[in-house]
Structure formats: structure tokens, C-alpha cells
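See the structures that follow.
Both complexes below contain chain A, partnered by chain B and then by chain C.
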Partner chain A sequence: MGRCALKLYSKSAKAEDTNLTKRVLLLALLVTLLLLFMLSEQVQTLILSFLFPSEGRYTHSRKTILQMTGEHIMLTLLATALAATVGVLIGIAVTRKGGQDFQILILRLNAFIQTFPPSAVIILAYPVLGFGWKPALLALFLYSLFPILGNTVVGFQSVAPEIKESARGMGMTALQQLWIAEFPQAWPMILTGIRHSYILNLGTAAIAAVIGGGGLGTIIISGLALRNSALVLSGTIVISLLAFIGEQVFLLLSRFTRT
Partner chain B sequence: MQSHHNHPVLTDTHSFLTVKNIAVNYGEIAALQDVTLSIPANRVTVLIGPSGCGKSTTLRCLNGLVKIDGGSITYEDEGIQDLSETDLRRSMGYAIQSVGLMPHLSVEENVDLVPRLLGWPKASRTERVEKLLKLVRLEPEIYSKKYPHELSGGEAQRIGFARALGADPPMLLMDEPFGAVDPLNREQLQDEFIRIQRQLKKTVVFVTHDLDEAIRLADYLVIMKDGKIVQADAPERILASPRGEFVERFLGPDRALQRLTLFTADRLMEKVLSGVEEKPALAPDESSNRTYWQVDAEGKPIAGYAWVGDKAIRRLIVNGTHTVQQYSSLKECVSKILNLGLPSAAVVCEEGRLCGEVRFETIQQISQG
Partner chain C sequence: MYRSISSDTCFLEKLGPNGVIVDRADFRLNFQQKLASVVLLLFFASFFFPFYLARENRISEDIQSGLLSLSPLCILFLMLPPLLIALHAFARKGWMKEVTITLSGVLGLFFPMMVLAIVGSDVSDAFGSLARYSPASGMYLYLTAVIIIFLMKPKFRLYDLSGMILVALAVMFVASKGSYDRLGIVLEGRNFGSRVTREVLAHIRLTFISLGISIVIGIPLALASFQGKRAKKIVFPFLNLLQTIPSIALFGLLITPLSLLSRTFPFLREMGIKGIGNAPAIIALSTYALYPIIRYSFTAFSSIEESVIQAAKGMGMNPFQIWRMVRFPLAAPGVLHGIRVALIQTIGNATLAKLIGGDGLGVLVFEGLGQASVDMVLLGMLLIIALTIASDRIFQIFIYLVTPPALRGKAVGNG
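What follows is the complex of A and B.
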């Protein structure tokens, strides 16, 4: 399978360069759109009033979009980074000789955790973690662990047995086997898992507002409460742009860390 | 040097790796029982036997990939269980059938792996990689930046071999390294292996299930069955006096032909009659059983001319198809001779130039002992 994937990658260098240029241009365009919308209330009002001419207001009363976006990104990135660290470490542990016995158990547990609705986690965590961003972070972390851990395990499992055999046979230590022989081959899969988690967290982070955790959920929930579609759309536009931007950044990252 | 269990050892060399009464169990099944073996230094030891006989397991015990359940393995007067596993393995190059090149590393990075693990300085590593690629006849400029998926099966095996030689280890462990390549390529790889081994004189332990390969490459042949050694000796001695029915059956009915794989063409190579003219100035003497070889301006053979009985015959030569190389076996020489109907086979050296011939008459003499 690895061989086949590599074959698919080996397009001509020229085609890759054109692709790369397109990617970078697309990314620049998306970032420009985001900045225009995020930084200027005039732009927000212009677009939203065009779509919803009858709404009374087009911006949030207390917070700017910029503030909410900042909180949203922080929460998303923090949860994704936490899930990536824990997910990859557990994934490595259960694909080692000593940890393999726990692999099925851990994967089942992982799938089980994925079935908790984040809103339920937030409510259950409230007595312990209180009000604010902390219960939201916990919910996002648990929810986004699944793709990363799953992909890490699959990534390490897809390393051909003869490669592990020759790595061992030439005298690599366990750590060298992991780092030199296996990790680079599992990395594309792991990165895909992290990308999925990021997208997942970006959408789910809107729920943080319910418990006072800030983020773009603030404006969306206000919009829902006030039956103001313009406010809902305003938050949604930014979240979508962040998702597209994230997708492009991850694709570029995988392009540059590909071995 | 002692001889255990009546297995004769090679007397012209010493041994720094000794296996004594080792046993390996896979659960209930005994994979190895009471295996005792002295690996002769600077020689090629070939382990052969039907599948499941324990040949690969024995090899993998030597570098600790398989743990022994009984007996001992001594490496330079120390039990291998007392040595650091990684140090032990880094002193034994390891090449396997599936090669196992790292797909994310280039050819040069693959060959460089063990020197890198050993922390050699960068400059000497670069030099080493270049030298090794040249040794396995792959042009460094073309190959060093390639990735494993861009290599053919034969090329990958060469790189695998170069990688095993990476840090210039005293020993090489090779587990059916040519098992997955087609017969033509396999023979070429064997030729290369013989050439390189004559130059480097490593202590090699080689596992195969191919009898021709075993007889060609072995200085010391170990025949195994059901986790035990049945006979171990120099291949010519095993061919001359196989011990027991199993070995006899294993060697097959054509032992006389098998003997021919023992020798390489260069052992019997003689000087040739050759020239650029189509026919010799002097007709070859009918009784001499020799061939006149017509060569081109670069000295490559074009045709062979000989007297067979009272008839003169002339055969066109396709270099490679109708010629043998220095390290080809006598069996191959016989095949070419029978194929063309000439009294001898042309031996070509570097760049396909004619450098000698092997006569059927001489082969007959040697096969009679």
C-alpha cells in the first residue's frame, strides 16, 4: 500500500509546482477575505444587509468579530494540539510490542468517547471545571481524540513488516526504529487525523459560548436567541473561512513534510 | 579447533562465532534442537534445507533476533546474551529477501543507515556510500538520489547488499537475499556476490533453499532438516559422500552436474585463438578441440569457428547470451557449449571483451575428479 501511495505522489515536479502555486494563491485569497470581513464592521454590515435587509442589527452588541475569532482559534488550536499530543503518544504506545495487548481496548474506548455529545460533556464537567473555556476545552479534546488516535494506529500498522525487521536487524534501538524507520511512514496518516480533528473542533467550538467560553458561538447563539439570521451567518462565515484556510495550511504542511 | 557432532570444520581458517547445542521453541514446537556449528571466518557458510527446517531461525539466532531457549552462542569469546544487542547487530550486516529498504529514504540515505547509527563523521560516510554503490556496480551519480520505489528488484537487492556492507562489518547475515529475483538476475547477483566476496573476504552466513545457489556460493555447506543439522562440510565433500538417504535425495540424481556448480569459469580458463578475420589463418587442428574466435575492433567476440568431426562450423555469438563471465559456473559453461555446438565457451571480462575460453574437454577432466 505504501508503495502504491508513493507511486501516486510521484507526479512530475512541474505539475507539483503549479499545484503549489495554486494552493498558495488560494490560501492568500482566503486569508484576505477573512481579514476583510473580520477587521471591518462596514464590510460585515455591507454583506449581511445585502443578504438580510430587514434585520435590525448586523454586529454583536458587546464583542467584535475579531475578539470572538481570536478566542475561537485559540480554543480550537489548543484542543487540537492537546488531542494530537495525547492521541499520537497513545497511538505509539499501543503499536509497540508491550502495548499491543491494549490496542483493541483503547480503540474501543476511543470510539466510545466519540459517542459522547460535546454538549453533554460540557454540562457534566461544569461542576468540576466551572464556568468558562475549561469545560469546552475538555469536550473538544475528548471529541477530537478519535481521528488522531485512530489514524496514528493505522499509520504505524501500515509500516511493512520487512522494514521493521531490517531496522531491527541492522541494530537500531527501539527509539531509532520508531523515529527513523516508522514515524516518517506513519506521518501522512497522522497529519490527516490532525486535520480532521482541527475541522471537527472548529465547528464544535461554537458550543463553548453556551458555558461562557467565548468564541464565535457567542454571536451565533445571540443570533439564535434574537432570531437574527444575519448574526448567525456572520459567525458561520468566519468559521467556514477558518475551515478552508486550515485545510489549505494542512495540505501545504503535508506537502512540505512529505518524505 | 574442535569438531562437534562429527561435523568436519574447514581446516584452513579459524572461527570467531560458535553455536553450541542451541534450541529454540515456538510454543510447543521445537524449531531448533541441539544445533552445533562453527562459522568459519572469512568464508561463506550456506544453510540450506526444506522449508521449516530451521535455517532462517538459526541465522536469526546469530544476531539475537530470535532468542535461544538452550545452548550458547559465542561471538569473539563472549556469549551473545552478554553483548549489547544493538552493538552485536551493527557488527553483522543484515540482508533479507524482502530487502526492507526504507521507502522514505533515498538510496544513499539507506546505504548510510548503519554508519549514521554508529556516528561516523559525515565526510567519511559520503565517501563510503559512493564506494559501496560502485562496488555493487550502481553508478552513484544515477542512483544515490533515487528512492526505493524507482528501483527494479535486482537493483533493490544490490542496494540491500550495499546497506548490509555499510559500516564494513566483519560479518554478513543474508537470509535468501536473491530469493525474490528472476533466475537470470539471480545468477548475475550471485556472480557479483562471488566477485565482491573474493575481494572483501567477509565471514558470511547465507540462507537459501536453492541448491545450485548453495553449491555455487558455499565454502561450508550446512544441510538442515526438522530443526537439526544433518550434514555440514565443504560442498565438494558433501557431493562426494552424502551422509544418509535424506542428503542424497536432497542433492538429487544429478550430483555429477551439481559438482560443476562448484567451480567458476576462471578456474579453467585458457588462452584463446582469436582474430578479426572471419576464419583462422591456420585451420584449428581437428584433434585439439579448440575454437577460433572472431572478434570485433574492441575485442568483443562475434563468431566462433571450429572443426567438429570432419566438418567446419561457424556460429554467430551474441554477447551475454552465448558467452559466460569469469565467475559463471562450469554448469553454465556446459550449457553454452551444448547450446552452440562449439567445443568451448567464450569467457568475456569487463565491457564484454573476450578474455579466455573454457573447453569441454577440460570440464570433463575435472568432473571425473
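What follows is the complex of A and C.
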């Protein structure tokens, strides 16, 4: 029995290692593609003119793809990082004894916010908060907060009571219980929430350009205004690559932080 | 001296000279008090932000007015809901709790609307007949607090609903007296006139056509991927790729290919299919709605337990009967849940149709953005949100009705 289990384990571990190599290679490939496309205007023109030979222009008149990608990544990562920090903290607070009463509020707020489409949340930031990248950031943050918060709550709720009990029995303080016993159990769920938020933010941030948020939405919207699909595609390629890269990075992260 | 007896209680106890507890102080807040403190914090914060913005005319500079610049009567009105919530925190009897929370919620909706009406006449007195005003961040924060009051209520009851309806009637009555005539969104609505109704209808049409197409294509694809591994291998990677494309980009990617098609095949042009307009918008919207529909339907069909199918077989049902009497009814709630998600998403994304020359409420929103007119954007967005919430409610009732009674009240797994 024991040997059989060991054999099975080593087999799956091996499969996982080849998977890991594949994953790292895929990530490297995606990053290379992104860098090639982002850094060189020749590559952009080559690809876009192959797909859309009739367009007059393949690059944005004022900003380079590199600049816009920088803005886009900043906006997305900042919003996701803020949402992750605040979401996990609130999630921990409402799964403790003192905060449990607020769980229902969080769940209802989550359901309420979900009825607002992401594009509406971004555009609504303009009348409520004003024009520019800060309102866009705030809107992205608010919208991505709740998926993370929800996953954190579910993650902590799914920790088996026996684990908490035994941690208490070992004489751990409340903080130790949280950090050593509960957090590792809840982490995969939390990470999934953060990953979803990142992908969501990446796409929603493209709409942020409408309210002055900058980013790759700039080239997409000018492509729409000029009726030029090539410009739209050029922004889309970068966003899609960023999404795939982010997904791989998060999967690797979950692989390495698993206990 | 008070001292804590253990780390996880909030009691502080005072011990007498011989170690007997003589007094005990309880520092725990109960549920009501916690809720009240959160809501009061929001109310308090809202008083530091501008309550409304006034302008002498459409393009002049904003003049911000905070709570303290309102008349004493208005201030008193606006203080009442926070006061009631503070009372709620210390209410002991059940009916007292219910009365204070309901009143503070309903009045929290009523008073800001009345203050807006009172402010209306002040604004036109102070700035002349071209003046206009709009609610500002303080007011939005105030309303957020009110929304949280309603969300915190253990149950949304009939009298909450009737309170809301009363508020709506009162607002309509005041509006009929012309008190809201100088409100920015009312003025913008007047400027657009019948175009508002037309764009609302266009928005609904755009949404339903796209959703219809997406259901007709999506559900068979979900069934195909449920039945065969090969279909799944094609459909799901495609969906994942689709999900990484921002909705705003999907509209633009179709411009060139569709205009090429319509140039080569004139009959398509006669059908209205060209690079810009409603046709590419519908194609983009229905493509984007495929993801939730296929995802949720697939999950719904695959989460039916094998034992149920076995039992149906044991009862002598043929495959057709199993589909009609077991699989479809059991999967229906999940499938409809997917359609609901797609519906909300499509109403939102249909706003973007304007960017490629389509109709819908996006016309108001993007013209407003172009003219830097906050009121116009707000008008468009409020209509979109009202549309979303209304169709969501209707759809939820529909889902409830088609769910087999035995499954009601169970959460539908999401994909």
C-alpha cells in the first residue's frame, strides 16, 4: 500500500515537473513575443500590415505602444494590488469572531455591485469623481475589490474546524492561528480571486481611456474613432498577451506557494 | 482596577479585595451597534464633501456647496436619518429596532431628494434663469450610507418597499411642481426630448438581438462540448482567448474585416452589414456574451449527478425522455443564470456600440463625454443602470419560476 502510494506520488510529481518546464517555457515565449511587439515599431507594422494591408496607419500619432503599455500595467497592477491588500484585510476581519456579523453585508454588497456592468462602473466614475487616471484607478479598485473579498471569505470559511481547534489546542495565539493554521489553507482561493481581478482589470482598464485614464485604451479608442482596425488590434494584442502572461505567472505562483 | 480575564473575551472585570468580581464592563459591540458605527461613519464623511454643484450656465465653472451652506431646515432634515441610526444602535425592543432602521432608510432616501428640490429654487434665485445644479460627492456618499442601511436589514419587507414607493410618489409630486427643473440631468433630458426614449428602445433592441443570437449559438455549443471531448477542446480555448480581449476592442476589430466583406458582397451592404453601425455592434456583443452562456450551461449540464440519470434509466426512460424530463429541467436554473450574467454584461457593453456608430444609450454617454457635460453622462448612465437592475429583477423572478420547486433556494454553482 505504502509503496504503491509512493509510486503514484512520484509519478504525479514527475508529471508536474514536466508541466512546470512547459509552463516556464510558455511564459518565456509569451514575454518574448510581448517585448518584440512592444519595443519595435517595425514588428508592429509588419504584423499589422500583413493582417490589414489597406490601413493608412499602424501606430498611434502621439504615444508609443511602450508608453501606453507602461500606463496600462501601472493602472492594472496598482488597482489589483490595492484591491488585494484591502480585500484580504477586510476578508480576514469579517471571518474573525468580532466581524462575523458583517459577512452578510459583504455578500449582499458583492451581489449588488455585480449587477453593475464594469463599463458602467468606469464611466460612472466621471460624473462622481471627475476626469483623469485617479478616478479610473478608484473605479477599477472598487470593482475588483469584491471578487477578492468574496474569495477570501470563502477561503477562510472552508478551513476545517478541526484545524482551528488543534491550532488552539497547541496554544497558538490568535495571530499565530491565523498565519500558521488558517492562511495557508485559504491562500489558493485568495490567489484565484486576485487572478480573476487582474484579468478583469486588464480589460476594464481599456475603457478607462474614455475618462482620461490613459493606457492601451488610448490606441483602441483612436482606432475606433479613425475606423482603423489595425490600431485597435495593436492595443488588443498587448492586452491579450498581458492577460496570458499574468495567468501563467499566477499559476506558477500558486504552484510555488502551495504547502 | 478593571482587568481582562482572558485574551478572547472583551469583558473587563473589577475584582474586589478578596478576589471576588464586583463589577464587569462589557466592551463588545452588538450587531446593531457595529452596523450603526459603519453607517454613521459614512454619513459623517459625507458632510465634509460638496453636497451639490451649481453653475450659472451650462459651460461656466462649478460652484461647490457643502452641507453647512444649506438652510438650517435642510441640515436638520439631513441629520435625522443618522440620528435614527444612532437610536437604532441602542434600541432593545424588536419593534423599536425595526422602526428606527426602516425610518432612517426611507427618510435617508426622502430628505436628500427634498433638499435637492429646495436647493433648486435657491439656485435659480441666486444665479439667474440659466442656472443649473447637480448632486455632488457628498450626496453620493450619503446615499451609499442609505444603501448600506437597506442591505444590512435582516429582511427586505413589504413596508420597506411601500416606503420606497411613497418616496418615489413624493418625488414625482414635487417634480410636477417644477422643483427639479434646474437639475442638470433634467435639463439634459429635456434637451434630448424624445431622443431619450428612442435611445432607450434602441439599447433594449441591441441587447435582446445580441443576447438572442448568443443563446441560439451558445447553448448548442455547450451541449456539444458536454457530449464530445473534441468539441470541448475547440470551444473552451476559443472562449478563453475571447475573454482576454477587452470588450471595447472587440467592436473595433470587426471594422476592417466587415467593411471589406460588404465591399466585396454588395448584398451584405443592403442588409446593413458593414464596418460601422449596429451590425458590427450586434456581432461583437453576441460574441462577447457567448462566454458566460457556454460556461454556465456546460457547468449546469455536467453537474447533474450520474445517479439521477441512472435512476431515470432504471425507470425505463429512453434517452429523449431523459433529456426532456431530467437533464433539461435540472440544468435550467444554471443555464438561465448564465443568460442572466450575459444579459447584465450585454446591457453594459451595448453602451460602447456608439463608438462604432451604433445606437443606444451610449450616444448620450459619449456625446456627454465629448462635451465634458457631467449631467449628460450621468443621465445616460442612470438610465443604463436602471435598465440593468430592472431586467435583472425580472429575470430573477423568471429563474425562480422555472426552477423545479425542490431545487429552489439552493445556490447555483458558477462556472
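Simple rule for what comes next: the second predicted complex is superposed on the first by the 232 of 259 C-alpha atoms of A that agree within 3 Å, B and C clash if a C-alpha of one lies under 4 Å from a C-alpha of the other, contacts with A are read in each partner's own complex, and residues count from 1 in each chain.
By our rule, a residue touches a chain if its C-beta (ideal position, glycine included) is under 8 Å from a C-beta of that chain, and two chains touch if they have at least 3 such contacts.
Small disclaimer: the values here were computed from a predicted structure and weren't measured.
In the superposition on chain A, A:127 makes contact with chain C only, not with chain B. Partner contacting the larger number of chain A residues, of chain B and chain C: C.
Once chain A of one complex is fitted onto chain A of the other, the partner contacts of A:102 are limited to chain C, with no touch recorded for chain B.
In the overlay built on the shared chain, the residue A:173 is in contact with chain B and with chain C.
In the superposition on chain A, A:232 makes contact with chain C only, not with chain B. After overlaying the two complexes on the shared chain, residue contacts for A:52 are found with chain C alone; chain B is out of touch. Note: residues 173 of chain A belong to the chain B contact set and to the chain C contact set alike, using the contact criterion stated above.
Put simply, chain B touches chain A in their complex at residues 63, 65, 85-90, 93-94, 96, 98-105, 113-114, 117, 147, 149-150, 160, 163-164, 166, 173.
Chain A meets chain C in the complex at residues 52, 54-55, 97-98, 101-102, 104-105, 108-109, 112, 114-120, 123-124, 126-129, 131, 173-174, 199, 202-204, 206-207, 210-211, 217, 220-221, 223-225, 227-233, 235-236, 239-240, 243-244. Interface residues of chain C facing chain A in the complex, by the touch rule stated above, are 7-8, 28, 31, 34-35, 38, 134, 137, 140, 147-148, 151-152, 241, 243-249, 251-257, 259-260, 275-276, 344-345, 347-349, 351-352, 355-356, 365-366, 369, 372, 374-375, 377-378, 381, 384-385, 388-389, 392.
Of all the residues in chain A, the ones that touch chain B in their complex are 2-3, 6-7, 10, 160, 162-163, 165-173, 176, 180-181, 184-185, 259.
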